[in-house]
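Next come the structures, one after another.
The same chain A turns up in both complexes below, where it pairs with chain B and then with chain C.
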Partner chain A sequence: MKTIAAILFLAVLALAGHRKSFVKVLPSRAASFFFLTGTEFLLVGYLLGDSFLGILDAATLDQVRPFLIVGLGWIGLLAGIQLEWKALGMFGRTSYLWILLYGCCVLFLVSVGLYGLFHIWFPSDPQLGLAVAVLAVTALCTAQASIALWMQHVSKQKRPLGLMLQFVSSVNDVIAIVLFGLLVGFYQPAQGGIGLPLLPLQKFVLSLLLGALMGLLLLILFRRRLGEVDKVLIVIGLVLFGGGMAYLLGISPLLLHLVAGMVLANLSLKSEETFQLLMCIERPLYLIFLMIAGAYLRIGSPLVVLLAVAYALIRALSQGVAGRVFLRRAFPDAENPPTRALGWGLTSQAGLGVALAVHFHLWIADPSSLPILNITFSVLLLAILLNELISPFGLAYVTKEK
Partner chain B sequence: MWLLVYILNGDRYLTEVLEELLEIGVTGASILDSVGMLHFLSQEIPIFAGFRSILKGTKPYNKIVISVIGDEQRLEQALATIDRTVGGIANGKRGILFSLPLEHLISPETKPLPG
Partner chain C sequence: MTHLFVLIVLVLLQGLLLKGFPQAFSLVEVQLTLNFGFLLLAAYLFGEWTARIRLPKLTGYLFAGILLGPDVLGYFSRESLVSLGFIDELALAFIALSAGLELRMQDLRKQWRVLSGLIVGIPVTVFCTIFSFLYFALPQLGLLPALPPAQRWILAALLGTLAIARSPSSTLAVIKECKARGEFSESVLCVTVVMDILVIILFSLFLTLVGATGTAAVTHADDLWVKIPAELALSLLLGFFLAWFMSVYVKYIKTEGIFFLLCVAFLVTRLTHAFAGTSEAVIGFSLHLEPLLICMSAGFFLQNLFKKGAFYETTIDQSFLPIFVVFFALAGTGLSLEALGSMWQWAMLYAGIRILGVFLACHGTMRVLGAPFRRGNLYGMSFITQAGVSIGLAGLIPRSYPEGGEVLFTLLLAVIVINQIVGPIAFKFALVKSGEAKGVARKPVGRSARS
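So, the complex of A and B:
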């Protein structure tokens, strides 16, 4: 009964909240910007969790696990259905190459910085590498909502900068999903799963193959003339099936559905309709993820806060340095070449970062797992909050507008 | 002569509309892709769908059906048929339907212009 009440409560909050967030209000201060991007729902979740009100306690969170898995699949499908080769080809290979190099540079710098830092407190922890890898991969994510909101209020001449930032962020989000899919292959979900005797790389390939099969299945089903309700049911059914399968096999539902979405985007004539359908619940779904992530958050020691601040700083510095080296070259055909400071505009980390955090918690950082993994999860969430607060300064620096 | 224009939101009823038009003898129509003005100008705030917001406008979503109809009776019939097929244009977001009188038409079926 409590689970049903909690789900209803979450749904009502998400539906009411998505009308208030992401609206066009001048982001004059970091605090107001924070509220515009819906990130405050992390704090709402934290209040609802075991730390305060106990509405979303551990038992309830365990019960809503299947909904979260469906949510991850939905997000993966939404991310994949955008990847239509014909449309993506508009940007030119050079851009992708430089953005890829930028991503690799950020990954390397964050990994080195965090490894040194975590090594001080967890010198011989067997999960040290995993903790660092998770934080490094999620460092690639940038909240596109923050960029889009900021760019609404800059002068027209500077709007191309916003498109460049959104493009870099979109490419890096895809890289993050793929790398996270590879990372998940190293672990079996903490609860349940059939423990496939496969190597991580084999699990990765399995994700791609199953994703392609799911995509083809959707393609076949969508060939029939269907009403909107039928399509919603098909998508929910397949995402539920795909998510459950991914959980049992210990592979990433985000990656699996990303591939399924790509198949649909490139082979179906109705991909736009499907995209619009998926978009209907994008915001409420995101707010639910924020609240659930907030409820999972545990700030047990000052070390978590310290590491979160350090992570946010290392990430911002890495983005600034990597952006200075690589991103200027990523847009050779731009009318006005981007400033060297472009990397500083990518500091906001919510959006996919929150989805990856929840994915990490569901698959790897279960409360029963090693302390370093629980700390990693909390560090990641706190850093997302911090990054939302500092990102307006980065965007203001890039666009030279207050 | 009349020009029948139906701007259909999405393409949910496109096939049905064309089939019904064919049934009443409207055998020629062209279908154009389009994007609504508000949709194009709206500032989409993407969360997970960044690529789409960058490519905004490259994905036309509405369909425009245009057809030249010779007599007024058939035009009335076509207007009523479209309205019925989509379940009543006034009842929901099914687009807009209108017709315009045509002054000139040059096509393979018409006589060539003098001179």
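So, the complex of A and C:
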């Protein structure tokens, strides 16, 4: 347990240092963007992990698994609470169709590209399909916070572009969580003694039902006039309970809490308050989450680096191509129609991408599973780092002045 | 009604999961998520319900713990509660820090006469009352094998000392819940904190005497004379350095307060555990640093010496509810109904005599100071609670008295259960009557209500 104390202590130092120095000192906007998104904590976690310092060793990581489960629930709730129908309808219904097509196109292109690539090294691996599916679904995720951060520094005329990007990102995030929820249903949890023996679709429906129930419970409890501290307690309690329940039943806590968040967002008048409440605690929680995820990262063989670079490139190319074909049509009523290169602005992957990677690691892959699954996890995390590095260039290209 | 509905849904869900996956509840992932979340929510909802019937929320948290714990519904086994132990330690560190922050020298100086009167009066009177009762009545009770007079004397002294112990955490929880601010609540908290330290010193002293009379399994009786002052001094010193570190954090960083406090609490609890092992290897006997004392003194120094308490007070105010709920719900799961059931008559008698001693002390002190009789009643109601330190020290008795020690421990646990249930209710009542409970709407009573 002393290692947990060490990581928490380091987190404070890192956080404090990051706030007080890095952001102000770094000369390049792209570099400071990398630090602002907090992605460097993946590297901090990697350094603390078994690969380097060994402070976050395997035994300690086993002990902090509950924290990861709670983190997943928190991220799901946060994603769900932003899905208010009224707000989502601002670009018209047809835009959903085009964004859905964009998502399908990215999914298809990434799947084909990665299948071909993985087939070279793992030709007859039974888990090849799963590895490719996980990477393809995660390719849909985009960090909305990164877009929002970038948009703070562009001219006012370009701000609507940021809204469009965030809108596409939020719809794609939902698609990714739903698909991942389905994917989880196909596999019995790695740990013995847990998981319901149900069909994938049944598990999926169960996730939706339990999510709706959690949302309703939140709604009922929030109906009364409550202090902020009471609300924090209720949210923490329900996320813990829901996360534990999902783990026990072998369903996705992200999906469960996404539904709970959606119920709250659309049926409660206080959803904005709840969102602010979640955001207050989000940053430290997210940073610890990133560090623990980073500690799981293994870059032992050059193959991981190669596959990560290839994955990042295939994803970026797919987004560019799919964006060029579909996204321009998604916003026909916009005053300033977006450029054809809109897809390039969606390369940042942190946040939900890391969450899905961790979800995959906790629910499906574990150290005793097949090498391809462990490689997939590391490829995913490394690619997220790479995507964070290239995303400022993509966003700069999309938002450049004519 | 809504609370009851949510509670029923949660209890049903948890019950179903417990029935469907009995083995999985031994996994730490499940214990620290599902079990912890369930306990947090259920205890909170219980607390809200008890608040409606004008009882302290803390009583609700305790009842939730008792009801869901291993003795009644069995939603939490004793094994599963072990993994939640570190949360309990963290919560205690938060509470101790908060208690230290509440002690402001400038306010305490104003009422030094009351404070010194109570700090002297209560221990002396309570000790004498319990001591004389046990010394003379213990042989008649037939709970213990016959002891020689010298050992009976020491045992009565040990139990008399235990009776002085109070519960700073319960006191603070009720003060926070009632949003009480004023001379009365501050003096109660200060006396409670000082008495806890006094109890630790006195208890260790008498334990040394147990060793000296050759009764007990205490092996390092001589070391205790060095050990206890060293432990207290080191704890205070560490508290000072912690306060300095925390003041530096406020000066230069002043952000993510909850996160930082969590780290501090973690560091203190882990360091104290590690220190015991290291000291044994280095100096030959283990020094147990007291996290409660470290955090309490850190809070005190932070408030009065470094003048940076405001930031942490605000931070703790934003997060105290989950901490109190978990801490007292876990305390509830640990309260032994079995012990209470087996010796409730003796326990009631013991608790009654202790309360009598407390009231005598408070009335005597107020009389000497020339304060009104009512004030003595209010103070009397405020010093009944007992919890953590008492349980910890009571646990040492069976080690010192292998024959009959277990029976005494059970009796003490039963007394603590009674005090922990009655104490917060009485204290809340006293706070309301004193007029310092800003967070409690006073219900009009008597004539004014009828009119």
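Methods note: the second predicted complex is superposed on the first by the 371 of 402 C-alpha atoms of A that agree within 3 Å, B and C clash if a C-alpha of one lies under 4 Å from a C-alpha of the other, contacts with A are read in each partner's own complex, and residues count from 1 in each chain.
Everything below uses one rule, namely that a residue touches a chain if its C-beta (ideal position, glycine included) is under 8 Å from a C-beta of that chain, and two chains touch if they have at least 3 such contacts.
On a predicted model such as this, the values are computed, not experimentally measured, just so you know.
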Exercise. Would you mind checking whether chain B and chain C clash or fit side by side on chain A after the superposition?
Key: fit
Quiz item: Touch check for A:283: first (chain B), second (chain C), both, or neither?
Solution: both
Practice problem: Considering only touches as defined above, state whether A:236 meets chain B (first), chain C (second), both or neither. | Solution: second
Practice problem: Could you tell me if A:351 is touching chain B, chain C, both of them or neither one (first, second, both, neither)? | Solution: first
Quiz item: Which partner does A:156 reach: the first (chain B), the second (chain C), both, or neither?
Solution: neither
Quiz prompt | chain B versus chain C as contact partner of A:244, first or second or both or neither | solution = second
Quiz item: Any idea whether chain B or chain C touches more of chain A?
Solution: C
Exercise. Taking the C-alpha centre of chain A as the vertex, compute the angle to the C-alpha centres of chain B and chain C, in steps of 10 degrees.
Key: 60
Practice problem: Give one of first, second, both or neither to describe whether A:93 is in contact with chain B, with chain C, with both, or with none. | Solution: neither
Quiz item: Looking at the overlay, does A:63 come into contact with chain B only (first), chain C only (second), both, or neither?
Solution: second
Practice problem: Once the structures are superposed on A, label A:228 by its partner contacts, choosing first (chain B), second (chain C), both or neither. | Solution: both
Quiz item: Minimum Cα separation, chain B versus chain C, post-superposition (Å)?
Solution: 9
Self-check item: Shared contact residues on chain A - chain B and chain C
Solution: 228, 283
Self-check item: Residues of chain B touching chain A in the complex
Solution: 10-12, 15, 43-55, 58-59, 61
Quiz item: chain B touches which residues of chain A in the complex?
Solution: 22, 24, 75, 78-79, 82-83, 87-88, 90, 143-145, 148-149, 152, 163, 166-167, 169-170, 173, 225, 228, 272-273, 275-276, 279, 282-283, 286, 351-352, 355
Exercise. Over in the complex, which chain A residues touch chain C? Could you list them?
Key: 1-2, 4-5, 8-9, 11-12, 15-16, 19-20, 62-63, 65-66, 69-70, 191, 193-194, 213, 217, 220-221, 223-224, 228-230, 232-234, 236-245, 247-249, 281, 283-284
Quiz item: How about chain C: which of its residues touch chain A in the complex?
Solution: 2-3, 5-6, 9-10, 13, 17, 21, 23-24, 27-38, 40-41, 44, 86, 252-253, 255-256, 258-260, 262-263, 266-267, 270-271, 274, 317-322, 325
